[in-house]
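Next, two complexes with subunit A in common: one pairs it with subunit B, the other with subunit C.
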Partner chain A sequence: MTIYALYIYDRHCECIYYHDWHQTRKPQPPRAGGTYRRDVARYDNDGEGDVATEEEVAKRKGTVAGLPFDEQAKLVYGVLLSLRNMVKKLSGRDSEQFTAYRTSSYKFHLYTTPTNFHFIMMSDPLADSLRGVLRQLYVGPFLAYVVRNPLVDWDREGQDGKESREKGVDNDLTSSDTRDR
Partner chain B sequence: MTVYGVWVINKAGGLIFQRNYGGIKPLTPRSGLLCFLTSVRSLSAHCNEPVTTISDGIAQLSANEYLVMAGTLHGVHAITSRIAPVAKSSGVQIIESESFKMTIHMTLTGIKFVLISSTDMSNAESVLQKVYEAYADAVMKNPFYTLEMPINATGFDARMNAIVAASGT
Partner chain C sequence: MSQQAKQYKAIGEDLWKNRTEKVNAELFSFTYGALVVQMIKDYENYVEVNKQLEKMGYNIGTRLIEDFLARTSLPRCVDFRETAEVISKVGFKTFINITPTISFPSATSQQQSPRNEVAGMTGPTEFILTFDENPLAEFAELPLDAMGSKYAKAAEEKKVLNWDQKEIGGQDEGLWFSNVLCGVIRGSLEMLQMQVEATFVSDRLRGDDSTDIHVKLIRIMEEEQPINDE
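And now, the complex of A and B:
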């Protein structure tokens, strides 16, 4: 099973965490002047502190340029929202949860927490449901390192608060990330 | 293994065929007034009979709501292939929720057949293939049919009923 990406959205519909693995189409850095900061996303080819080997460089040549990250994040959230609303409307129940969709080349898994954080994972299309894994991510590292982190201020407005928040999430999930794999 | 509904969406995103089959439950009341009436009724002598039966299946919606959803699905289908993590991807093929799933089959000519069914429906793809056959036979060969327009062919309806009836076994 291959996992391509993890997105976490907060209750303000903002992407607060992104990490990708093994993608052959990679999001590009956000456009200048966009609302997303670069340090939300953890691209494989960010290259901070890691030295690219010849092999890695060659591998990267096989990748295709994707959308700018801010646009990608918006589209992913848009799909989530549209499908969630459609599923709710079709079932006639507000409690009905949209859980996953599949295309020919990837599968999209969604876990929404009661506090409206959306955990999204993209995997290869044959994968079983990964909602359990997403729930584990929430219950384990996310609660321990982000929710209980006094430096994370979810609702503070302004660039100042946003910066510290993003830095907090970033640092914390970096550590949890290595722990989880 | 229940088929709840079938949609046919033309290449512009318009809904040209929509039918619900079995497993439909009355719409749960949403507005405040309805909820109030429901609670009043449940207090009255008829309280034994449930006002809304919650069962598996999908709600009966208005024609307009189906049109809007078909348009949304058309847009989402296009976006899902753009946000793919790998170089080439089709649009969305299966949408899963807790109690039902939607299987989408897009033909080479851009027409989308959508099957809404219970989650344990394992032959959804082959059912859609049969729907496509019925469409080719009963709609495309119909000299009175105008392309991209809503389907009003009794022959197609009859074929659809037969396909749905056979699919559950």
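And now, the complex of A and C:
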């Protein structure tokens, strides 16, 4: 089993954490002047600043790999939101949970806490359910390094806790990666 | 006790016994007492101290709920009655090892007050938590000027002896010593999309018969939607 990427969204629908383990190309920096303020991902910086110029964005248009990170993050959340709403509408029950979907190249796992934190993980299409792993992530590193970190501005959470969190998540997933393989 | 209530009690006890890191109870209560005293010295106003304690509690609650969910993995409550059960039997039990008694005022006093309707909720929308014991106030005693309107009035009429004449504002309202608990309840429920109002209605420290917190559901909050800029 291989894990490709992890996204964490807070209850303001903002991506607060992103990590990619198997990506060859780093995500493109968000567009200049956008509302996206967070320094969540490690961008593909070719010596330029933190944001991409309009020119670069225009050049990259049309290729998925060239999506700026803010748009990518928004699309991932959009998928989550619309699929979840559709699932609820189809079943007519509010308690119906949307947990995963699969394409020919990856599987999308979702774990949502009752406080509306969304943990999303991409893995290879043949993987088993990773909700247990995502929950462990919430109970373990997320609680220890984010919730209990006094430096994290909780409601508008900054990136102060990012380093230690990254370490924790990395350790955890590398171990689950090798264990399950 | 219903089946459900028993089940929550068992969960709460198990969590307290096996999965809670403990600190010395006396240290805890003295530290809290020292904190409140320092705040009174700094603000010189009981109303302001109540407000700040509530705010501190709110900030604690917003994070504490994550800890709580991570430990219990309980599903979402179906109604507010269940919420009350969980707060009392699992929440308070896990964190400070007490189980406040729940009562629902709406069942008895419905005629007097207009029924508090909340969209999308069935069952009661308010409850009262009665604390038989309160670890926060274990060693606390309030001075007369902190006991609220009863005594403020008596003092005006010079009926109370040894009235503390220190210049501390807000003596009419007095101090709600454990007001931090109200904040914790409000903060944690808000993270679960329930906006509530939690207030002390009586406190043994003030010479009342019992210590009660009134919790009232205001509304169920909508989940935030991403900003659409396309």
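Here is the rule we go by: the second predicted complex is superposed on the first by the 125 of 181 C-alpha atoms of A that agree within 3 Å, B and C clash if a C-alpha of one lies under 4 Å from a C-alpha of the other, contacts with A are read in each partner's own complex, and residues count from 1 in each chain.
Going forward, a residue touches a chain if its C-beta (ideal position, glycine included) is under 8 Å from a C-beta of that chain, and two chains touch if they have at least 3 such contacts.
Predicted model only: the values in this text are computed from it and were never measured.
Chemist: Report clash or fit for the pair subunit B and subunit C bound to subunit A in the combined superposed model.
Modeler: fit
Chemist: Contacts for A:103 in the overlay, against subunit B (first) and subunit C (second): which applies, first, second, both or neither?
Modeler: first
Chemist: In the overlaid three-chain picture, which partner chain does A:67 touch, first (subunit B) or second (subunit C), both, or neither?
Modeler: first
Chemist: Return first, second, both or neither, reflecting whether A:91 touches subunit B, subunit C, both chains, or no partner chain.
Modeler: Only subunit B; A:91 stays clear of subunit C.
Chemist: Just subunit B (first), just subunit C (second), both, or neither: which does A:139 touch?
Modeler: second
Chemist: Comparing subunit B against subunit C, which has contacts with more of the residues in subunit A?
Modeler: Counted on subunit A, the partner with more touching residues turns out to be B.
Chemist: Once chain A of both complexes is superposed, is A:78 in touch with subunit B (first), subunit C (second), both, or neither?
Modeler: It touches subunit B and subunit C both.
Chemist: Please provide the least distance in Å between a C-alpha atom of subunit B and a C-alpha atom of subunit C in the combined superposition.
Modeler: It is 6 Å, taken between the nearest C-alpha atoms.
Chemist: Which parts of subunit A are touched by subunit B and by subunit C alike?
Modeler: 78
Chemist: For subunit B, which residues are in contact with subunit A within the complex?
Modeler: Contacts found on subunit B: 25, 27-28, 54, 58-59, 61, 65, 69, 72-73, 75-76, 79-100, 116.
Chemist: Subunit B touches which residues of subunit A in the complex?
Modeler: Going through subunit A, the ones touching subunit B are 4-5, 20, 23-25, 64, 67, 72, 75-76, 78-79, 82-83, 85-87, 89-93, 96-106, 108, 122.
Chemist: Note which residues of subunit A are touching subunit C in the complex, please.
Modeler: That would be residues 11-13, 35, 74, 77-78, 81, 95, 113-116, 135, 138-139, 142-143, 147-148, 154-155 of subunit A.
Chemist: Can you list the residues on subunit C that touch subunit A in the complex?
Modeler: Going through subunit C, the ones touching subunit A are 59, 62-63, 65-67, 69-71, 73, 75-76, 191-193, 223-227, 229.
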